[in-house]
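You will see two complexes here that share chain A, one where it goes with chain B and one where it goes with chain C.
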Partner chain A sequence: MTIFLQLVASGVAVGMIYAAIAFGYQLTFATSKTLNFGQGEALALGALFGLTLAPFTGYWLMIPLVLVFGFALGAVVERLAVRPAIKIKSEYGWIMATIALGIIFRNLAENIWGRDDLKFPSPLPDAAVEMGGIRVLPMEMLIVAGALLMMLCVEIFNRKSIWGKAVVATSNDIDAAGLMGINTKRIITLSYSISAMTAAFAGVLVAPVTLTGATMGAVLALKAFAVAIIGGLESGLGVIVGGLILGVAETLTGFYISTGYKDVPGLILLLVVLSIRPVGLFGKAVIKKV
Partner chain B sequence: MAHSALAPAAAAHPPATNARGLGLIGAVLLVVALVAFPLVVTSTYYIHLLTVIAIYAILILGLDIVVGYTGQVSLGHAGLFGIGAYAAATLFLHFKIGIWLGLLAGIGVTAAFGVLLAVPALRVTGPYLAMVTLAFGTIIQIFINELTPITNGPLGITLPPARVLDFSLIGMQAPWGAAGRKLEFYYLVCAALLLTILVVNRVVRSPFGRAFEALRDSPIACDCMGVSVYRYKVYAFVVSAALAGLAGALFAWSERYVAPNSYGFELTVLFLLAVTMGGRKSRSGPLIGSAIIVMMPNILADIELVRIMAGLIAAAAVIVGALAFIRKQPNRYAILVPVVLCVLFLPATLALQSVTDFRLTVFGLMILFVVYYLPDGIVGFLRQKIPALRPAHTAEGRDLAAGGAALIAQRGDAGGDALLKFEQVLMQFGGLKALAGIDLTVKPGTIHGLIGPNGSGKSTMMNVLTGIYKPTAGSVTLAVAGGRRLDGRTPSEIALSGVARTFQNVQLFHEMTALENVLVGLHHTFRGTIFDAILGTPRRRREEREARARAMSILDFMGLGALAQEEARNLPYGKQRLLEIGRALALDPVLLLLDEPAAGLTAPDIADLVAIIRKIRDAGITVILIEHHMDVVMGLCDRVSVLDFGHKIAEGGARAVQQDPKVIEAYLGAPDDMGGSSPEHAHA
Partner chain C sequence: MILTKRALMGALLGATALGLVPAQAADPIKIGLTGPYTGGSSSMGVSMRDGAKLAAAEINKNGGVLGRPIQLIERDDEAKNEVGAQVAQELINKEKVVATVGFINTGVALAAQRFYQEAEIPVFNNVATGTVITNQFKEPDYDVNYVFRNSAYDVLQAGMMVDEALAQNFKKIAILADSTNYGQLGREDIEKYLATKGVKPVAVEKFNIKDVDMTAQLLKSQQAGADVILAYGIGPELAQVANGMAKLGWKVPIIASWPASMQSFIDIAGTNGNGVIMPQTFIEDKTLAKRASFLDDYYKTYGVTKIPTPVAGAQGYDSVYLIAAAIKQAGSTNGPKIREALENLNTKVEGVVTTYDHPFTAKDHNAISRNMVVFGKVQDGKIVYAKPEDAKNAGVVRVKEKSSN
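Moving on, here comes the complex of A and B:
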């Protein structure tokens, strides 16, 4: 039983990372019905950028700089890959263009930081803390707290600030928002910026417990798809539940079956949820008008 | 037919293009080139390169069916390719089974996996489908890595040289000697490629291909023509998977080594790049695309060659840009960005010692370039510039004779009773009751009008009837085959039970010709399977001939005979509306629903439309007509029902309904100031 709880505890930390990335997917999908297939590269670039800064600034001061970097990166992705595709109403266009940008970013990162995985210095002690018989790494607690805090901040921003309200309005009805004088193009850019910012932040959170490298984001981003689908691409905090389900399912698979298969449950879950309930477990069915 | 405005405006048949002839020339050239290549170039390196191009082309031709024809994005084709390769390789590893059975296994196993993926995944579209297929590809890679007892895990499997023809079995030496034997595999791949081209050609020109294009242009209309979008997407995907499997098995025997990490995400994206860059919906496009993606790494490895290429690209970009400015083309500022980027590429290559490390960046830039500046690919670009290269629509340039009755009335077995019965139908969207428990009966052989102010529930009723919405409660029954419940069935099932419809906002298959649109409606007359289509059996040809004649007679009935070869999007609006009715008639319906057929038509067009609707009724087809033109409704309808806020407020003959105070109130509002004083209002 202790082993089981121990596995659940470490699953929670991984799950929150998925939730944070999936949250980013939701943000852009809400405003523009598009999402960044290169989100994993935004995460990796955030982590690598943080790794370069950390020796000069220390871990904590590096975080706001990474946030700014992620924010700018999101705007670049939106301008180069998404806006032109929205203009020509091409679904194929934005899927391929965001994939292409992701590949370019990954390749550039490999050329700048090298192909080998790097070790990210942990800001907290590596010794595990004992809590009710379960050993938890301080870094894992930081991941959970950080991810939750970030989602909370974005939610508060959306609810309280005028820009956030514009984001919500655009998500509800982009045409009506446009007619009310909201510059919806800029709002879509903003949503991409916030989305990439959350990914970059997730990158520096997760980097100390995994290895850092240009390819670190690919699998994380793919599994965050699964979480976004489970939680529903359009439903607010379903991603937290989805992230927890997936994170725990993975650590359990890794322990009881084989670490080689630990990526499988998420992907299977993705296939199953989409085929049974495409709007996600927490999503609402939308009826298309003819 | 003495139609004034509807009479064909002397539109001659478009000049029969020689595209088919060109296609034949292209095919002959390809065969000659493939046969002659090893005789001219003896280097095994280049022969191997051409083999790989041909193998990739097989997969890309298959991918084009999914991406080009049905318009779906699949990121799982590298996974399917890997399954094909491993099917062949594991057969050899465990049972020492050679190439021929390996190819069959590659096709069969991969097609089975294609079904396994397509059945759940194709219920979703767009980004969802992209994610599912991406997940599928990743799972396949993980399983190949982990199932070591079967796949030999990360070590991979090594294969011996393929023994294509085994002469020792008949105790002979190969007549073409040792040197010729090395080419056997090359010729096998060439044969597979030519066969693939033939199969893809036949499939896309068959009713299956028409269904693929129809479901991309308008999924909803496709379903309402009795062609299940879901089912045909699965067909397309499985055919595509089978070809990916063939390519995979050939690839395994060509490289003679398979390893798990060869079939990853990058390969998938490379395939998609090849399809788009070459040009969708063509046979030559995938060949060009395949050549580009196979040769690109080789070109990039040679920095001198890259610099020369970059120079050429920069020169071409400067010329294109300069021409645009000299001619003052309206898009001259828009193309400035790609021109500058292309020019900048040259100094970048001069500065670098090697671009191999930046291979993926180049490749990503190519995708961006293709997506935004060459969306129709190289072949699409050439077709746009050179009209002779445009593909012939099916049967273009052949003489078309009408045959068979235009209208085949299916009277159902209602007798004198109701043909269609709505009983207590409730349709609820959240808190809104769009239909609040409606009862409605439609008698056979009548024109039943359905009117009401905007938002009264008319279109909702049509959508419930045709299965686009599932009613919250109540039942819909059609008197065919002893009374069939329609509620809860899919749109295509309902369409096949004999309910055809048109749409308020025209939903034609706009890239298809008028004739092809009607042929999609006639899809239900085809009994041939996909194997009939691939083999071109006599049954398939007979069915096509009959359907074509029938389609022509329907077009003649609608007065569109002269426009049969015109693409639907190029027809004037009035003709589009008529074509939509013609397409619905091709379904041989018991019941025809016309949703505002007169909207946006001119007065003479309306007169012709009225005449046509009458003829349809006189042929015995029951019609439900939603219309806002009251003179059309009053002139045509045998019976009229009036809806308001989801309730039926009146029903009866046209005149009686027109006098009904409830109807007047629904349309014009209650006379508040004299409320109560009017005697009609009292019983309202």
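Moving on, here comes the complex of A and C:
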């Protein structure tokens, strides 16, 4: 039993890493029906930026600066890659453009920070804590708490602030929101900024556990994308549940079936969800009238 | 026109022979230098490249080879098989190299070296360890083999790792290997060697590059009662294995493949990496004059206090000296002649790993034999000799055993 719980605990930690990254996909998709495929690079840039700042400011003080950095980064991505595509009503232009921008960011990061995987100093002790026979790293608990806190903050922002309400309105019906006098272009930029901000924050959050480097986001962002599809691209709750499902499925399969097949159940789940419920477990089914 | 060109060449050759013209004025001898200088295995690639460049600079300072300077043509293969194949064709057809040294990744070596074999140009693996590399063009399918190597190949390393585990009286062995060509070929070698010893591993587990969590692999090994872990992978993931064990509070020794000496392992594993041992051909110590001057030069030239991956740096350095010696002996830059010279090197070549005395024969293209490899141990951020007797004998050059490969 303790083994099962240990596997679940580790799976939850990994799952929350995926969820924290997947959350960013959901934010931009809601407002503009577009995604930033450079989300993994935003994560890496955030982590590397934080790594550079940490010696001067310490871990906790570095976080607000990373948030500002992520916010600006998102705006740049939206202006350069997404807005031109939306303007000419290109359905797919933003896909290539965000991927291209991601590659540019990665190469930039490789030139600045080098190609090696680096160690990110952990703000909490490295020794694991034992709770009822299962062992967790303090950093893993921080990831779970930090990711939930981040999502909570974004939710509160959306529900309570005037800007947030504009974001929600734009998500519901972009044309109606525009007619009501909401500057939807600006709202889309804002959603990209918040999305990249969450990615940058996720970067410094997970970096002490994962490896830090220009390519750290490659695998994580792909898994997070699967999580966003499973959970539903328009649902904040969906990405949490999707992340936990995928993370726990990976560790359980690794132990009870084979570590060689660790990634298989997640992908099967992805296929099943796509064929039975294409909008994801928590997505809203929309009927598109032609 | 042809006549004048010839006359000029003749005059130049005569002049060089007489030592009238400084070596730099002569046409350089082009040698390809290929490895991953970007991406996850770049710390090995860059160390190898920097070591090779030091050797070339030294040779050129002393007058070059055949009166001509050596020019290294650097190309980044990005650890990608297809890029490696492309680089090989470019070096052969466009740059017209007379030989190539390099290759960190087994997959890249296998994809690229057939172009050298076809072009009859020697290709020298100085870091890649896949056992199959030097066997790709073996007799009887091929008359001659243009692939040489001065790194410790996998069968040799796997054997050492297993023997060490058994010598320390461990009975229950768990194998953890990454899912790349490198990891899986290494795992096969370990399993085969274990079978000859009549030992069955209690667990054989796999992990992917960039895996964040090793809980499942480690718990399975722990539940199987493993008392030692043989890990085959590269720096970052090996570090995650060490960190994962610390997290689970499980303490058994790790015997890893050689990349556990990478800087990334030392950095990421931190104190969790202390005590991990791995086969090494070279440890950073200054007991020999040659090694001391190599290390001082390396630190000074590149402004570092430690070679990122010492083994790769040392083997890269030696590989250029071996090729240079062969070109000198062949008296020409003709591929088949260089190969013949390599297979029958008359002069002893003093490198930093060892002094090479007839390192190759027509049948044996591996310069490193088992007696030349020692166990290194991670200790507080450095790789040191794992065994006191090796540390004591650090100043003794371990030369290749006859007919050992």
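What we mean here is this: the second predicted complex is superposed on the first by the 275 of 290 C-alpha atoms of A that agree within 3 Å, B and C clash if a C-alpha of one lies under 4 Å from a C-alpha of the other, contacts with A are read in each partner's own complex, and residues count from 1 in each chain.
Going forward, contacts are C-beta pairs under 8 Å (C-beta built on N, C-alpha and C of every residue); 3 or more make two chains touch, one makes a residue touch a chain.
Predicted model only: the values in this text are computed from it and were never measured.
Contacts of A:Phe225 after superposition on the shared chain: chain B is touched, whereas chain C is not. Of the two partner chains placed by the overlay, only chain B lies in contact with A:Leu274; chain C stays clear of it. When the two complexes are overlaid on their common chain A, residue A:Arg106 makes contact with chain B while staying clear of chain C. When both complexes are overlaid on chain A, the residue A:Ala81 reaches chain B alone and has no touch with chain C.
Touch criterion not met for A:Leu179: it reaches neither chain B nor chain C.
Within the superposed three-chain model, A:Leu61 lies out of touch with both chain B and chain C [touch as defined at top].
Of the two partner chains placed around the shared chain by superposition, chain B and chain C are both touched by A:Asp263. Touched by chain B in one complex and by chain C in the other are residues 110, 218-219, 258, 260, 263 of chain A.
For chain B in complex with chain A, the touching residues are 67, 71, 73, 119-121, 123-124, 126-128, 130-132, 134-136, 138-139, 142-143, 145-146, 220, 265-266, 269, 272, 276, 357-361, 363-365, 367-368, 371-372, 375, 429, 459, 463, 468-469, 503-504. On chain A, the positions that touch chain C within their shared complex are 3, 6-7, 10-11, 13-14, 17, 110, 115-119, 126-128, 130, 135-137, 206, 209-211, 215-216, 218-220, 250-255, 258-260, 262-263.
Of all the residues in chain C, the ones that touch chain A in their complex are 37-40, 42-43, 179, 205-210, 212-213, 215-217, 219-220, 223, 235-236, 240, 246-249, 263-264, 267-268, 270-272, 308. For chain A in complex with chain B, the residues that touch the partner chain are 29, 34-35, 37, 80-81, 84-85, 88, 90-93, 95-97, 99-104, 106-108, 110-111, 218-219, 222, 225-226, 229, 258, 260-261, 263-264, 267-268, 270-272, 274-275, 278, 287, 290.
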